[in-house]
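Below, each structure is written out as structure tokens.
Next come two complexes built around subunit A: one with subunit B, the other with subunit C.
On to the complex of A and B.
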């Protein structure tokens, strides 16, 4: 039952473990780093790890989209905002209560523990039959049939977001 | 329970999703700038996405549903990041600060 390290299964298991490590380390850096630019780098690392997890979940298309959208677009946009606004926490005077850090760790740990315990204690039932295999062709087909309405609506949402962010960000700017 | 076959079990992914959620929640509480809070919110969203993809792979009768939902989460997250960042830029222009404690004009 337990594959040796030198077989293909063993190596893929090792790769999976390192992806999990990359994801969690990136998340911790993103949440704790004092300089925001390091935080963004940790976020990119975490998203790369999550893309690898998606690959292990039989969805290479979603993994590719994760890299394209999150690492390629969202992280770069956040870096632009970091450069436009001076946002380092190191130079700021400390104004918040000293209890926020420990209480935050307590609350976050409690939430994670409760969710994990819920997941581990539940007896999940597998579906008896699978309608399809979840390939890219299947995704495209259901995007254009069952989910065509949501597909159109999401493009409207993105359009409104683009217009809205342009309007918000250029208000108050001088004409010169 | 073998460390090298963990990638084939539903529980692994659910625990990873829960940990991402917890770390993101901690960041959201502890961060003092708007940009840091936005980053933590992205972590929470990706924890939810990992859960959806895990259920999609192991339990769902139609394995396209979770993938499509995750794609929609990504689109919503991108729209949210764009809007939030432009609001942050607008706030920075008015207050010369992105500290959450400085933007308190309506506080009594």
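On to the complex of A and C.
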């Protein structure tokens, strides 16, 4: 059952495991790093790992969009914001009391256990048919037919967000 | 035990792609110095080997023997990761570039998207390196890199979308196959699809120069204002890896321009298509890129942004609308 490392299956399995590892390590760095900028770097790493997992789930389009949008745009924006806001080498204040660590681990472990139990116990029923091949043409067609309503709503939300941020930015400028 | 042929193929292409990227990075530096020399009525490197051809090896030895200093006060992790984050995505992009009909590491159906996705990681690497350097020149340079890349990504992507609408595919192999025949079938001269095709090539080319931080748009490096911008604190091979990444990005930009507009490996007259035509075309483009660098002065930052937001973006959107109208009507 364990394919050799010198076959294509073995190599892709190894790659899959390392992507899982990258995702987890990135998430831990994002949560635990003392400096904000390193957290963002960890987040970028985590996004890259998740993109790889999408690729293994047979949806390369979503994987590439994950890289293009989350790593290429969102992380860059966050770092830019940090660069403008964090004036100097400010480490996060360490004024937590001793219970925070153990309780955090306990809560996290409980959540992980519950999710794992849910995933294992649920009687997942197989999708009757493969919806589509996940190609760009399929995604485009379903976005503009079946899901056109949600597509339009999302663009309205983004539009409102942009207008809102412009209004906030201008308001800040006039007061100064 | 016998080796899986797929594994051998993957390994062969891995080695080939890395060798191609590294060799190009080394010899484009030589080409750049030689060309700069001749443009400025000098000779350029001539001492090391015939025509200075061994100069890249000497440069490499020099860079690699230098001590890797990590200055006090920098963020050591980010400082060391940043050059790799610029280099690796550039190499990854080579995976999907078709050098000829059969010579491609992996013909991905959305190859065009792969290249743009990995190209967007490049900015993150420069940003992290610049911020990790804890240096005011580097941080100014980082701010410039971000606004420049955001500004020029829009016209570039809109132009590419126009092209995808015409060819109807994002598969780089199919895009090249749709330009078969002669040079009049290349996308740059496909005037029946859109009369603005030559202009969209020009927009793409300008955006490529800006995205790869080449002069006259090298605001990130701008040695006369910012010392070396994001690379100020980098010694030896840290700097070397950044530069290899930059040259690899130039090669990718040239490959993309060739594939999208200049017919990839197709011959201009329909004779003997193959990898040699691809190489001739990309090196012609790279030669032009270097030529532009040494003949145009650096722009100012505001005129750089104005060029994108006020000229390139409106024209590329107009082109998009015109092309879709023409596709619908004819």
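One rule holds for everything that comes next: the second predicted complex is superposed on the first by the 156 of 176 C-alpha atoms of A that agree within 3 Å, B and C clash if a C-alpha of one lies under 4 Å from a C-alpha of the other, contacts with A are read in each partner's own complex, and residues count from 1 in each chain.
Note that a residue touches a chain if its C-beta (ideal position, glycine included) is under 8 Å from a C-beta of that chain, and two chains touch if they have at least 3 such contacts.
Source: prediction; values computed, not measured.
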| item | value |
| --- | --- |
| Room on subunit A for both subunit B and subunit C (clash or fit) | fit |
| Partner touching more residues of subunit A, whether subunit B or subunit C | B |
| Subunit B versus subunit C as contact partner of A:61, first or second or both or neither | both |
| Contacts of A:44 with subunit B and subunit C, given as first, second, both or neither | second |
| Which of subunit B and subunit C A:144 touches, first, second, both or neither | neither |
| Which superposed partner A:169 touches (first subunit B, second subunit C, both, neither) | first |
| Touching partner for A:35 - first (subunit B), second (subunit C), both, neither | second |
| Which of subunit B and subunit C A:76 touches, first, second, both or neither | second |
| First, second, both or neither for A:109, with subunit B first and subunit C second | first |
| Smallest separation of CA atoms, subunit C relative to subunit B, angstrom | 15 |
| Common interface residues of subunit A - those touching subunit B in one complex and subunit C in the other | 61, 65, 73, 80, 82, 89 |
| Residues of subunit A touching subunit B in the complex | 1-3, 5, 9-10, 12-14, 16-17, 20, 23-24, 27-28, 30-32, 36, 39-40, 43, 46-47, 50, 53-54, 56-59, 61-62, 65-66, 69-70, 73-74, 77-78, 80-82, 84-87, 89, 92, 95-96, 100-101, 103-105, 107-109, 111-113, 115-116, 119-120, 124-134, 138-139, 142-143, 147, 150, 154, 157-158, 160-162, 164-166, 168-169, 171-173 |
| Subunit A residues within the subunit C interface of the complex | 4, 6-8, 11, 35, 37-38, 41, 44, 60-61, 64-65, 67-68, 71-73, 75-76, 79-80, 82-83, 89, 135-136 |
| For the subunit B and subunit A complex, residues of the former touching the latter | 2-7, 10-27, 29-36, 38-40, 42-43, 46, 49-50, 53-54, 56-65, 67-68, 70-72, 74-83, 85-90, 92-94, 98-99, 101 |
| Residues of subunit C that touch subunit A when the two form their complex | 1, 3-4, 6-7, 10, 75, 77-78, 81, 108-110, 113-114, 116-121, 123-124, 127-128, 131-132, 134, 139, 142-143, 146, 170 |
